[in-house]
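What follows is a pair of complexes built around chain A, which joins chain B in one and chain C in the other.
On to the complex of A and B.
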């Protein structure tokens, strides 16, 4: 049974839906701001343009998801996006790392984009129609992100000693936290209500199964560590994220009442 | 009576003065340019999802070309300004009811894109010299909807409206 509004959902399911929307929106929002850090200093001009575009896409997706969230629970999307303390953000710990070097940013995006694609696959037929609509549109845009990131993973993995060693170091650091992207949300009631097609554990298996042949072909390591037991989506946050938060909320905090 | 037309352009865009009231709305919409590529209108791009005219109430729903396109609000305002006065109550909204895809660009829209120096979606022919000896330089261009190509024949870059 499909639904146009969340009104008929029981309290737990509605809270879980709100948390899923917030987690996804924060993932996209924070990644978008990290990627925008490359503007002007990417290794080549084409990547300057590409990362600015990727950032713009992610922040646009976040905007649409914050809107869906406030449709469910009320409030103002801008206040949700900018008016919270760092420990109130719900993004996955993968997005707590700074941009670091190019290989690190590429590896992080590759892990995030592929995990996010598996998540979007589980939402495109969502019984919650407003989410299904936004997800259908997001997926078309993410196709370009995936193509771009696969191309860069290949280039770095086969690009000689330095790019490869930097990529390996990045994956080593990122793998445990990457497994937070498909965790940390109360998924059982969402599956029961048809909002989410399958439990997040199944989404994660699908994600890792899909990655395996790509990693094998490039001779890159599979994840060795199990996902962290807790703290996948806060409230503890890195100093790097706190710095980013200072940056992206600076204008808002200077005058929260201003109209844009 | 509610008159709804989805996904369709009027047969031959008539003058805004003539034809059925709903056709006048479509003709007015065909005058609202895309801010980034003014040669094409929101109708050429297939951005109009639905037009509902119910007496004094006019509702137009538009499909965002890209979720994060910064021009969306500008487009919504331009459409609302152009339709102002065509009904007592005019509402223009963006909807994700169906995904906009570049397949929605009309034949007219593709021609206008080419004429203004953009290869239409899925075409790799250089809009300047017509050569197909071209290569993709960057899937990401100056706006969300444009990719950058290079023409090996006339040796200059050109932009393609992305297939999405």
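On to the complex of A and C.
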């Protein structure tokens, strides 16, 4: 049964829906800010423009998701995006790492985009119609994000000793936290209500099964460790994220009442 | 970029269905795949294009020889405008010979004007 509003959902399901929307919005929002840091310093001018444009797309997705969230629980999307303390953000720990080097940013984006694609697949037929609508639009943009990131993973993996060793070091560091993208949300009531097509554990299996042939072809490592038991989506945050938060909330904090 | 040399790609875009492919600009990329991604971001990210052609500049045959493109003899008879200018001049002479008021056809297309005059005479 599909629904246009969240009014008929029970309290736990509604809270889980709000948390899923906030987690997804924060993922897109924080990734967008990290990747926008490459503006002006990417390997070539063309990549600079392209990567900044992908980062802008993620901010756009975050905007749509914050709007969905405030439709469910009230409030103002701008206040949700900029008016919280660092420990209130719900993004996955994968996005607590700084930009680091180009291979690191490419590896992080590749892991995030592929995991997010698996998550979007489980939401495109969501019983919650407003979410299904936004996800359908997001998937169209994520298609070329994925193509772009596959192209770069291939070039770094096969691009000689230095790019490859940097990529391997990045994956080593990112794999455990990448598994947080599909964790940390109360998914059972969402599956029961038809908001989410399958449990997040199943989404993660689908993600890793899809990734395996790509990693094998490029001779890259599979995840070795299990996902972290807790703390996948805060409240503990890295100093790097606190620094980024200072940056992206600076203008908002200077005058929260200002209208833009 | 792994020592791979960058090549120039020329990009053409179609603004709307049925429109012509027009030169949009160019970009540098190490290979056609990344060139396509960059072309999309440069000339399509604001939904300003419905189709792009991405062409390695090396694939373009360049022709700028003046003997081939700007021959020395008068070629105005090959231009539609040149032809109608010639008709206009001949019509004006004919009108003068027939004693008609000069300029009564104004800026009217000379071919249309000639046809109209023929009809009026009948």
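Following the convention adopted for this analysis, the second predicted complex is superposed on the first by the 260 of 260 C-alpha atoms of A that agree within 3 Å, B and C clash if a C-alpha of one lies under 4 Å from a C-alpha of the other, contacts with A are read in each partner's own complex, and residues count from 1 in each chain.
We take it that a residue touches a chain if its C-beta (ideal position, glycine included) is under 8 Å from a C-beta of that chain, and two chains touch if they have at least 3 such contacts.
All values derive from a computational prediction rather than experimental measurement.
Annotation for the three-chain superposition on chain A: chain B and chain C clash. Residue contacts after overlaying the shared chain place A:147 against chain B and chain C alike. In the superposition on chain A, contact of A:223 is made with neither chain B nor chain C. By the touch criterion defined above, A:136 reaches chain B but does not reach chain C. Of the two partner chains placed by the overlay, only chain C lies in contact with A:43; chain B stays clear of it. A simple residue count on chain A separates chain B from chain C, and the partner touching more is B. Of the two partner chains, chain B is the only one that A:64 touches; chain C does not reach it.
After overlaying the two complexes on the shared chain, residue contacts for A:155 are found with chain C alone; chain B is out of touch. By the touch criterion stated above, A:83 is placed in contact with neither chain B nor chain C.
Judged by the touch definition given at the top, the superposed model places A:194 against neither chain B nor chain C. When both complexes are aligned on chain A, the segment of chain C among 9-17, 63-71, 81-89 or 99-107 whose C-alpha atoms clash with chain B is 9-17. Touching of chain A by both chain B and chain C, each in its own complex, is seen for residues 46, 49-50, 53, 144, 147-148.
Here chain A touches chain B in the complex through residues 46, 49-50, 52-54, 56-61, 63-64, 130, 133-134, 136-138, 140-141, 143-144, 147-148, going by the rule given at the top.
Within the complex formed with chain A, the chain C residues making contact are 1-4, 6, 27-30, 33-34, 37-38, 40-42, 45. On chain A, the positions that touch chain C within their shared complex are 43-47, 49-50, 53, 144, 147-148, 151, 155, 159-160, 163. Put simply, chain B touches chain A in their complex at residues 64, 66-70, 95-101, 137-142, 144, 148, 162, 164.
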